[in-house]
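So that you can tell them apart, the chains are marked A, B, C and D in the order they are listed, and the count of residues begins at 1 in each.
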Amino acid sequence: MPVDSIDIPIRVRYAEVDAMGFLHHARYFVFYEMGRTELLRANGLCYADMEPQGLFYVVTRLDARYRAPARYDDELTLTTRTTKLSYVRVDHAYELKRDGALLAEASSTLALIDRTGRPTRLPDDLYDQLTGASAASVSQS
Amino acid sequence: MPVDSIDIPIRVRYAEVDAMGFLHHARYFVFYEMGRTELLRANGLCYADMEPQGLFYVVTRLDARYRAPARYDDELTLTTRTTKLSYVRVDHAYELKRDGALLAEASSTLALIDRTGRPTRLPDDLYDQLTGASAASVSQS
Amino acid sequence: MPVDSIDIPIRVRYAEVDAMGFLHHARYFVFYEMGRTELLRANGLCYADMEPQGLFYVVTRLDARYRAPARYDDELTLTTRTTKLSYVRVDHAYELKRDGALLAEASSTLALIDRTGRPTRLPDDLYDQLTGASAASVSQS
Amino acid sequence: MPVDSIDIPIRVRYAEVDAMGFLHHARYFVFYEMGRTELLRANGLCYADMEPQGLFYVVTRLDARYRAPARYDDELTLTTRTTKLSYVRVDHAYELKRDGALLAEASSTLALIDRTGRPTRLPDDLYDQLTGASAASVSQS
């Protein structure tokens, strides 16, 4: 069975906070993107290898809620979870915490496009690897 | 009557696009923030003067939809509109277009906090200036 | 004769300042890059059209001095000047000012590479256009 | 004796590369800043605690050379070294490598200022801790 959730540690960089001393709201999405990269890697896939194959995931939807600020040098934990996966899109949910306290949560939808910008489908082997449709493919990682 | 919508031109910078050549999805929020700054200015207010007075607007909600990519050097038009304003929060809606074609839209909620991070209220004069409650205050700009 | 220096106005964005309230030192280079884009444009060239032709300018050297901080919402003037131009590289000098006061200065070297990352040469028509070697080519802009 | 050099691993984020697929030249400085943070930490100091005490390190000089590009998802090693330290300023040197190959190197000067922006001096205990002038102070970490 594939990995559908992953926790990664992230330390807030000085360049990421704003004049209030808070992690700037736009930079959470950079963290969420890191979460997706690591979730793919935990399933034996490398997004850096997908683009050269003409497979591009583009964000089509983002919904974010901010509960409490993060600050410079904070050590955060980001949980990234796949909530829905099809051949043509994928949904994720995110929770960003500090010492167990929820700071922010978000969800996103990504669509798969090809080099020309047109919608495309995940090849069967990648789909199987991500969904665990085939036990064999998962063990390729 | 105060200004409740403003259009600003934005040219996409090289550093803002990603490996696909598209404006990175996190950077749209930097544009939306610029729209809010200019909408305040059009109402005779300067956000740069609010923080020293202990008035900080923090983002609590962002919902974004991406329709089509923007690219390096594109000349875009961002429309920022106040959709709801109270003493303690403000909602905005955004539309980002290129040559009249909608590329992205979003909405946000900001809450007003003080220097200690606690919710606070807009002073009456600023509230009046932003809502047009008092004709006199608006002409102060 | 081609344009070898250009002034552009830049307003500091909220997302560009740090916890001190100062424009973060790394973001000056994004401004300098904008200056190069506009200097090319003033010479009738568009960098956005060069990359699809396989002409990529990469930074090989940056030297920067910071004299005084810039802050959120400051209106700055950036002067970008070509100090040396050959078929394979170009040097620039930058001055960033607020109300005539020098805040920062820098210089850079860019090398021209092709799609494979190998050094390449400017085509004659572009070189002529940038150096004014041929009056005819300059008027193409 | 204090720690005067530190290696940290950095993985290049998707949002950090440009349309060429290369780590954008401005973002190297964000990495160098991370190196400085970790070098302080290795000496028992936390920069996040210095600013609330009114001690702000501001960059006054940056000199950077770029040898070869870094790409999305690359695992890099950054070496940050203190090359000169006084009560009022500090110089660092940086080397960024991938699998032992040098991609970029740089050096910087930072000056210490107070809350009002005026030059200030490191308190003796911090200076001793960073220079190893006093064995006792170093063991405070």
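The rule is simple: contacts are C-beta pairs under 8 Å (C-beta built on N, C-alpha and C of every residue); 3 or more make two chains touch, one makes a residue touch a chain.
Bear in mind the structure is a predicted one, so any value in this text is a computation, not a measurement.
Undergrad: Among A-C, C-D or A-D, which chain pair copies the contacts of B-D, with over half of them the same by residue number?
TA: When the contact pairs of B-D are compared with those in A-C, C-D or A-D, A-C matches.
Undergrad: Is the number of contacting C-beta pairs greater for A-C or for B-C?
TA: Looking at contacts between chains, B-C has the larger number.
Undergrad: From the C-alpha centre of chain B to that of chain C, how far is it in Å?
TA: Centre-to-centre distance between chain B and chain C: 29 Å.
Undergrad: Just the number, please: Cα centre separation of chain A and chain C in whole Å.
TA: 34
Undergrad: Give the residues of chain C touching no fewer than two other chains, as numbers and ranges.
TA: Expected reply: 14-15, 19, 26, 30, 33, 72.
Undergrad: Residue numbers of chain B touching chain C in their complex, please.
TA: Against chain C, chain B makes touches at 13-15, 30, 33-34, 37, 46-48, 71-73.
Undergrad: Once bound in the complex, which stretches of chain B touch chain A?
TA: That would be residues 19-20, 22, 25-27, 29-30, 33, 51, 56, 58-66, 69, 117 of chain B.
Undergrad: Touching residues of chain D toward chain B in the complex: what are they?
TA: 14-15, 17-21, 24, 26, 72
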